Amino acid sequence: MINSESIWQDISAIREKVPLVHSITNYVAMNSTANALLALGASPVMAHAENEVEDMVEIAGALVVNIGTLSDPWIRAMKLAIEKAKNKGLPIIFDPVGAGATELRNNTIYVLLPSGPPTIIRGNASEINASAASAAKTRGVDSTESSETAIESAKRLVQTYGSTVCISGEVDYILDQENIVEIHNGHPLMPKVTGLGCTATALCAAFAAVNPNPLAATAGAMAVMGIAGELASKSEYCKGPGSFQITFLDALYNLSFEDLHEKLRAKS
Amino acid sequence: MINSESIWQDISAIREKVPLVHSITNYVAMNSTANALLALGASPVMAHAENEVEDMVEIAGALVVNIGTLSDPWIRAMKLAIEKAKNKGLPIIFDPVGAGATELRNNTIYVLLPSGPPTIIRGNASEINASAASAAKTRGVDSTESSETAIESAKRLVQTYGSTVCISGEVDYILDQENIVEIHNGHPLMPKVTGLGCTATALCAAFAAVNPNPLAATAGAMAVMGIAGELASKSEYCKGPGSFQITFLDALYNLSFEDLHEKLRAKS
Amino acid sequence: MINSESIWQDISAIREKVPLVHSITNYVAMNSTANALLALGASPVMAHAENEVEDMVEIAGALVVNIGTLSDPWIRAMKLAIEKAKNKGLPIIFDPVGAGATELRNNTIYVLLPSGPPTIIRGNASEINASAASAAKTRGVDSTESSETAIESAKRLVQTYGSTVCISGEVDYILDQENIVEIHNGHPLMPKVTGLGCTATALCAAFAAVNPNPLAATAGAMAVMGIAGELASKSEYCKGPGSFQITFLDALYNLSFEDLHEKLRAKS
């Protein structure tokens, strides 16, 4: 079901249709996620004001909500945007950055998750654990952050919200009600660049804008992230996390079906 | 009138006088426009608070107002900064990012344009069309976005506000009451990097800070953008939109009179 | 006391302990400082809301307060974060970006400095001069900005607040109650990249999170900045300020004891 042909079909659709991805995201990752969306073939737009987000959702192909740098006016705008996207049937991609770190993040997750709910939730193991705990409130944040615990948390989120959930890490796990897909692509330099998790979330939105199956969209986005990372690390110009940022964007832009077909390591 | 000698004179003046460009701009492009201003030889400063912008205009050589990521407090600060710049006789460079996309953007343009009016307005064809429609309010957004339509819109803006207007694209058109200048420089990778339009606007401000003729300042900035883009694309290190960002800044920094003279394709 | 062995010990401690550096910093430098902290081996987190900063300080190893793009809600959050960090005994690193340029910046410095006071203050000569003048209020901003004047200003800040003060420039001067350390590393391209001063401040925080001696922590951070800059400039891929940003991050990530030992030019 998830193979290089199906993913390539989505990439081709993104390049052809150039979906507008409305991102309410954090200050740190705005520039790099916009560039990644452009490199993939999509069109980024950022808008965060309460009196603008609904109009922007109106013309967008997908909505990203990323809680990396929160404040109350942004939270109110996120809620409005999510509700509008829900009414329009637009894919909503949620990134619980730093879940578990503060009450504000936990409460925001607690408020925003039911108001969609999101089509796709993507985070690392501790963010997925904390999001599931937020969802259940009384259970508190799990003390262990192993992949197994995160898979249980992901299942709870799938169960409660009907969302597709992606736990990103060395192996990415993507779950919906019936399936678990694993993506084994990626490179150790990736966590040394800020905002690549946010970039993964943005790419999920681009894929979801052209593919109505959230599991396939998320798997495609995560595979493309990992494969672009592998290609980037092999560039003769990649000497560390600085140059990796650059070779990563180039790899995303230059990605061919041959690269994808040769490198994809998906399991479902 | 616009030739490599006149543009080089402006570049030399920027490098010598290091004008302070006060930018009230969007979150996405802040870092890249600051770096482009530094590479050109100017000095960037960002300040957006209602209780700070007038003081900053006081010490600046030019003001950039870019509506890429709006909210009400920023709009109020933009208005204050524009009025202060007007009183000081400071060049005001306006970038109507995403004009036409939302009511908030259209209303902001409608409010801000008359309060200067701007010395220079720079946008792509649809932004110039939407700005002209905003200005006229009752006419609505034009349905077609061809260059010809944008030229009519630009003329309307020139007529209404006395601004110099630049429609950027494959060919850049720069208009004032009496002239149309065309710049035929640039490279197809440029729209694949986020914020290069915002960068063009910032460079217009640096040129306007040293050249009292807005038409010449805008033509110089657009020519330098396009030529730096061409040089960047020819670097052996340019492999896509990631590395293009880097080779572009290097090209801007290393730009010589010979490059400018050899590559300039201006028509007036 | 400050030598390559002691600095290497701090770098090794940062890489091993991965301290969380909570940064309330400006929009322009968020992405680049986050990437520099990651390249050094620390973990960056950005949070700026009044109802979040105290919780974030609770789990951080150091706090950065950088006034580069101010507004009232951010100032209130900075004050709360500083007071919380003080109660926790957490190192507070203060960067008075653009001090002297506006009343808002001067007043903010005047309010924030005593509320810590900061463990470390880092700025260029005019920022240190203006901060000292802000501290004394009635004296006004000194008219000359020579290094000597800045050293007198730095001494006044050390005296008033007990902070360690760093004047960064071609030579970095680092002062506490009893010592002056000079770092003679660095490269002329560094001021051509936006936010490298902010990056220096962020690295001071990472060092202070693992070394309880603020003078040694600051000297280590400034030495590492300068040496990474020298290494970056010597890369075959460095052709200007664009590529310098990239080779700088790579140099920071790849820094070895041998590089440090060979290149360190400290005087105390």
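So that you can tell them apart, the chains are marked A, B and C in the order they are listed, and the count of residues begins at 1 in each.
By definition in this document, a residue touches a chain if its C-beta (ideal position, glycine included) is under 8 Å from a C-beta of that chain, and two chains touch if they have at least 3 such contacts.
In this text, all values refer to a predicted model and were calculated from it rather than measured experimentally.
Interchain contacts join each chain to each other chain, per the touch definition above.
For the self-contact between subunit A and subunit C, the two sides draw on mostly distinct residue numbers; the shared fraction is below half.
Chain centres here are Cα averages; for subunit A and subunit C they lie 33 Å apart. Residues of subunit B in contact with at least two other chains: 27, 31, 237, 245-246. Of all residues in subunit B, only 26-29, 31-32, 68-72, 98, 101-105, 191-195, 237, 239-243, 245-246 touch subunit A in the complex they form. Touching subunit C in their complex are the following residues of subunit B: 27, 30-31, 34-35, 38-39, 44-49, 51-52, 55-56, 59, 73, 235, 237, 245-254.
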